[in-house]
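Please go over the structures that come below.
In the two complexes below, chain A is the common chain; its partner is chain B in one and chain C in the other.
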Partner chain A sequence: MSEVEVRDLTVEYQTSVGWLPAVAGASLDLRAGQITGLVGESGSGKSTLALSLLNAVPAPGRIAGGTIEVAGVGDLTRLGGKQLRKARGGAIGYVFQASQNSLNPLKTIGRQLLDLGRSHEVGDLRALIARAKDLANRMGLDGDRVLDSYQHELSGGMRQRVGIVFALVLNAKVLILDEPTTALDMLSQASVLDIVRKVHDENQLSTLIITHDIGAISEIADRLAVMYGGRIVEDGPLLEVLRRPTHPYTKALIGATARITGDVDGARALPGRPPDLTTVARAGCVFRDRCPFAVEVCAQTEPELHSFDSERRRACHVEPSTVLTGTTGTPAAVGEPA
Partner chain B sequence: MTAFARRLAGKLAAGLVMVWVVVTFTFFLVHALPGKPGDVQYEQYIQSGMNAEQAAAKVKAIYGYTSHDSMLSQYGGYLGKLLHGDLGQSISYSGVPVSHLIWAALPWTVIPVLSGLLVSFLIGVTAGVVAAVRRSSRWGGLLTVSGSLFAGVPAFVLALLLLVVFHTEWNLLPDAGTSDIQYDPGWNLPYIGSVVQHAVLPVCAYALLSYGGWLLAMKSSVVSVLGDDFILASELRGIAPVTRARYIGRNAILPLFTVLALSFGVMFAGSFFIEDTFDYPGLGDLLLKSIGTRDYPVMAGAFLLITVSIIIANILADLCYTLIDPRVRR
Partner chain C sequence: MIQARGITRTYQTHGSFTGDRTVHALRGVDFTLPDGGAVSFIGESGCGKTTLGKILTGLETFDGGELVVDGVELSKLRPRQREKYFRRIQMIHQDPYSALNPTRTVEATLGDPLRMRAKETGAPVSAWRERAAELLTLVGLEPAAVLPKYPHQLSGGQRQRVVIARALTVDPTVLIADEAVSMIDVSMRLGILSLLRDLRARLGISLVFITHDVATARYVGDGGELHVIYRGEVVERGLTDEVILSPVHPYTQCLLSAVPVMRGLEEPGPDRTAPTAALDERTPTPGCLFQPRCPFAGAQCAETHPVLVPFGADAVGTDAAEANVTGADVTGADVTGADATEESGHVHACFYPESRRVVGVEVGAASA
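The block that comes next holds the complex of A and B.
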């Protein structure tokens, strides 16, 4: 069962040379009760995908095609006005990076929670505040103190948790976290991830975590989706994808991850640079220029994202076994998730 | 609130020091002018038959010192009189205390300046918000251009333009003075009506003078707040549009309190030209005339008052920040 079903989603941005896709025909499920990690380099379209899950692609962007079915809400791409506004925050909670100032600097956290409640026409504001305090306490914050604080009185890790309070206080069942560990030190990273796992389990959420940190995500995610050039190139259960990557990009990404234990030289940087809107290939596979396995067909036909092994999907012309055993870009051993 | 009181006390102390610096500076500036202040009068009194002692006493009454005293005791005399609220006596209006002249001129500057500020603030800030939100449309562009235009036109050009259009061409409004001569000054309707009628053009001049500044400042402030993370965050949380507009407005208007204090000073500077053009007997007019007649005590008094009001405006702006912005409050 899926809480969110994204089908053939295409998001375009207007540029000087016309409308160009940042997300091209992406399909993705957020399964009920599971944490999905979405990884990819900067510019791969993962943040655009996340924003479009709220139908909130900023101008000059637009959702050009596809559907986003959210359980209990319907197709988000067809919603507008008040219905859309209520779905944002009400059905789907969005958590910003810790480094971002996602709160009004002139109002206390508590007053902004009241603004949130009133905007969503919550009848019992006392209960809302009580729930917010409870959520905050469960995440290791002093609820009373935090609600009386201004944003500038909170640390990055505290802001991150307050952001989660805002995302969940209206009982949203879908939680989206954009780079939740970026700009935090290692200890805060670990604690934020623990907290995400905890609130996820306690509230039976469907969670999407967007990150470029494949190491962090491997600690808590159930499933992993890999994005490149606006396409989802591979996804499946986390352990299977990490242990047996079948897309050359996934394999290279895993190989590029530095580990705390072991030599930094064990990490291998990807050659070349990720494409942007104007340089992404129009025909054939978008990864072929950087792909050590590229064959002739890769330049002509774009590989389709197809299912295999029942639970997994990949978009590559090369055989999975070739990618897995290929000598080029050998991945270092992946640490066992906790 | 004790923190607020401490802050207020600190600001006032700093303000007093600034006033003292300006007073000292003005005193020595006036002394640096060619022809020592007081000497001309002293000679006149001698020529009119006074003896040296009488003449010196008379000059001392006007200035608080004579040029025969040492510089330091002159300065001390001036400061001493000032501390008693005595700004000396006017030269051109012989024997009239400077403070009387200033008190008489003050309302004719302060009331039009404040009215003009209020009008231009309301219109300019509203237009600035529209110009920011609709910045890619034709209307937004036009508003921005109007802001740059009015911010760039000098006060005297603006005042003359108003005079030509509304008096010379259309003859809608009077061109000079504060009221028509036939009415008795006081709280009667015809007189007040006449005063309002005469004040329209100066107020418009003040308003147009600062309108552009408000618009441009508010526009850039709103544009920068619109790009802030928390505005996107509030959208993604489904915050109601009215509430979001309040978030934007309150955050965007903050930096304008500094502009408010500065524009108070700009308005006083503009009052020389505007009061001169409309023959309006305010502070600017008084100062201009006193410069023409070398009326040093009036000059020093007017300078002092303008400085003090700008310093007070700055203190008020700072205090506004502490009330509105929790990040400044401590």
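The block that comes next holds the complex of A and C.
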């Protein structure tokens, strides 16, 4: 069962050259009990997609097409006003990117927590506070001190964890975390990911974690989706995607990740630059300029995201086997006995 | 060549709630950076990495120890004389958002130092535009597109690359890269790292590489030394790959254990471990600074402060012989091991050193 079903979602921003899509025709399921990792280049539309899941795309942006069905809530793109506010934070817990900067500077964390509880008509505020403290403690914070603190009294990493407490505390069924550990060092990151996984398992949530750190996501996600130029270009069970990437971008991304062991020269940067709204290809495949496998048709027709191997999807004109075994660009799939 | 000996830096802060507090940002750090060499520093947030970088560029003072640049001890010089040494040591600042002046375009940001440099070297001042374009291309930016822009019109990764280009305007001999690739796109990060490696190889620029992403420290080139800092103190040092593959200090082991393992491609190291508690700076630590969190602490650790000694030199002596490693917090109670003077070689500050394999290993490579 999917808790969230995104279908053909297109989100546009107004730019000096007109409305341009930051997310184009994206379809994605968040399944109950599973953590989905969303990785991709900076500017590929990850945060925009996440904001759409709350119907909270900021002006000058708009959801231009598609639907977002959330179990028990309905099509979010059609909700507004009070219903929408209830869904945000209530049914769907979220931490926005850089949300460490979005706490209210004038109120203590504890007061903000109470406000959150009241706005979602939580009956037992005491239990809410107790739960928040427990979550904070489990993430290596001093719960009492944190609740009594103002934002400026906490370090960047502490604020980031406070944001995660807020997202978890209302017992939402869907959890969306946008770059939840970027301000953290490795040890803190490990403890935060660990608690996210535990809370996720305890409550059988549907979780979406957005990151550019493919290593971090690989530790906790069940499924992996890869975005490039506003498109989802590949997704599937995490281990399969990592072991046998079938989209040239996924393969290049894995190949370009700095690794802690193994041959330093085995890793390669991608040639060229990531596209942004205005430079992304209008026709053909969005990745073709940087793609070592591109063939003629790539310049003309945009490849559709289609299923293969039952659980997986990819959007590429070239055969999976060609990408998998191809020696162009990065080395062939690592770690699998031939 | 830069030699740092026992650099200490202490901050006094006066909080209205917390009262007077002393922060030991650096507790005696020493290292040697040969011309064209590379040293990396890794450690948790707040362990003193940026403070060290700033001291090396003259942006921050130090209150103990010596800093010797090309044989000259800088603290003996007057500020004016010092400047000339610091000018060729450039820092790539950690936060590209605050490192660039928001009211100046990229053109202005690069133009000033380039014109100044041209005057110094006697090159035609008019050549600065070409040089600016050259530098931006070097860091993977399109000069024509970027030059007229203000910082707010650039992404985090683009800003970071402008900051790198600016550091290169004065033809530095030493680059201090403080989390220099943290915001750069994964697909381009390796490119910037290989640029740094290239600068070492082609121009003989030496590099101080500060990061909490250990994996990137492997990409700055051959012969690099890795220093692991914990609360202002170097607790382990050695060739980068040696420290990563066979760390002997429990803190290093905890830190490296926390590096995410690429599941499917890597499997966790067999000896993976974790700290037993979170960092609490209020706990007094007369012995080993890591003792309250250490999974392997023994009887000696709470009382006595271990100093850097070579790994493998059997006895960690308990005699209070004068520490050769000036970096350590030398008090009567401290102990020293045999001979820790060697510049290279694997050294650690732990009473119970044991080599453990904690980082992820490539699937299949493990059994070899």
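Operating definition for what follows: the second predicted complex is superposed on the first by the 318 of 338 C-alpha atoms of A that agree within 3 Å, B and C clash if a C-alpha of one lies under 4 Å from a C-alpha of the other, contacts with A are read in each partner's own complex, and residues count from 1 in each chain.
We adopt the following convention: a contact is a pair of C-beta atoms (placed from the backbone, for glycine too) under 8 Å apart; a residue touches a chain by one contact, two chains touch by 3 or more.
In this text the structure is predicted, and so the values were computed from the model without any measurement.
**Q** Give the label of whichever partner, chain B or chain C, reaches more residues of chain A.
**A** Counting residues of chain A touched by each partner, the higher count goes to C.
**Q** Would you sort A:R118 into first (chain B), second (chain C), both or neither based on which partner it touches?
**A** In the superposition, A:R118 contacts chain B only.
**Q** Just checking: does A:H152 make contact with chain B only, chain C only, both, or neither of them? Give me first, second, both or neither.
**A** Touch partner of A:H152: chain B, not chain C.
**Q** Which partner does A:L324 contact after superposing on A: first (chain B), second (chain C), both, neither?
**A** After superposing on A, A:L324 lies clear of both chain B and chain C.
**Q** Applying the document's definition of touch, where does A:R268 land relative to chain B and chain C: first, second, both, or neither?
**A** second
**Q** If we overlay the two complexes on their shared chain A, which of chain B and chain C does A:A127 touch? Say first, second, both or neither.
**A** In the superposed model, A:A127 contacts neither chain B nor chain C.
**Q** Using the superposition on chain A described above, determine whether A:L54 touches chain B (first), chain C (second), both, or neither.
**A** A:L54 contacts chain B only, not chain C.
**Q** Applying the document's contact rule, which stretches of chain A touch chain C when the two form their complex?
**A** 41-43, 140, 155, 157, 184-191, 212-216, 218-219, 238-240, 242-243, 252-254, 256-262, 264, 267-270, 273-274, 334-337
**Q** Which of the residues in chain A come into contact with chain B in the complex?
**A** For this pair, the touching residues of chain A are 51, 54, 56, 58, 85-90, 94, 96, 100-108, 115-116, 118-120, 150, 152, 163, 166-167.
**Q** Along chain B, where are the residues that touch chain A in the complex?
**A** 228-230, 232-240, 243, 247, 250-251, 254, 324-327
**Q** Tell me, which parts of chain C touch chain A in their complex?
**A** 44-46, 140, 142, 155-157, 185-191, 193-194, 212-216, 218-219, 244-245, 254-256, 258-266, 274-275, 278, 359-365
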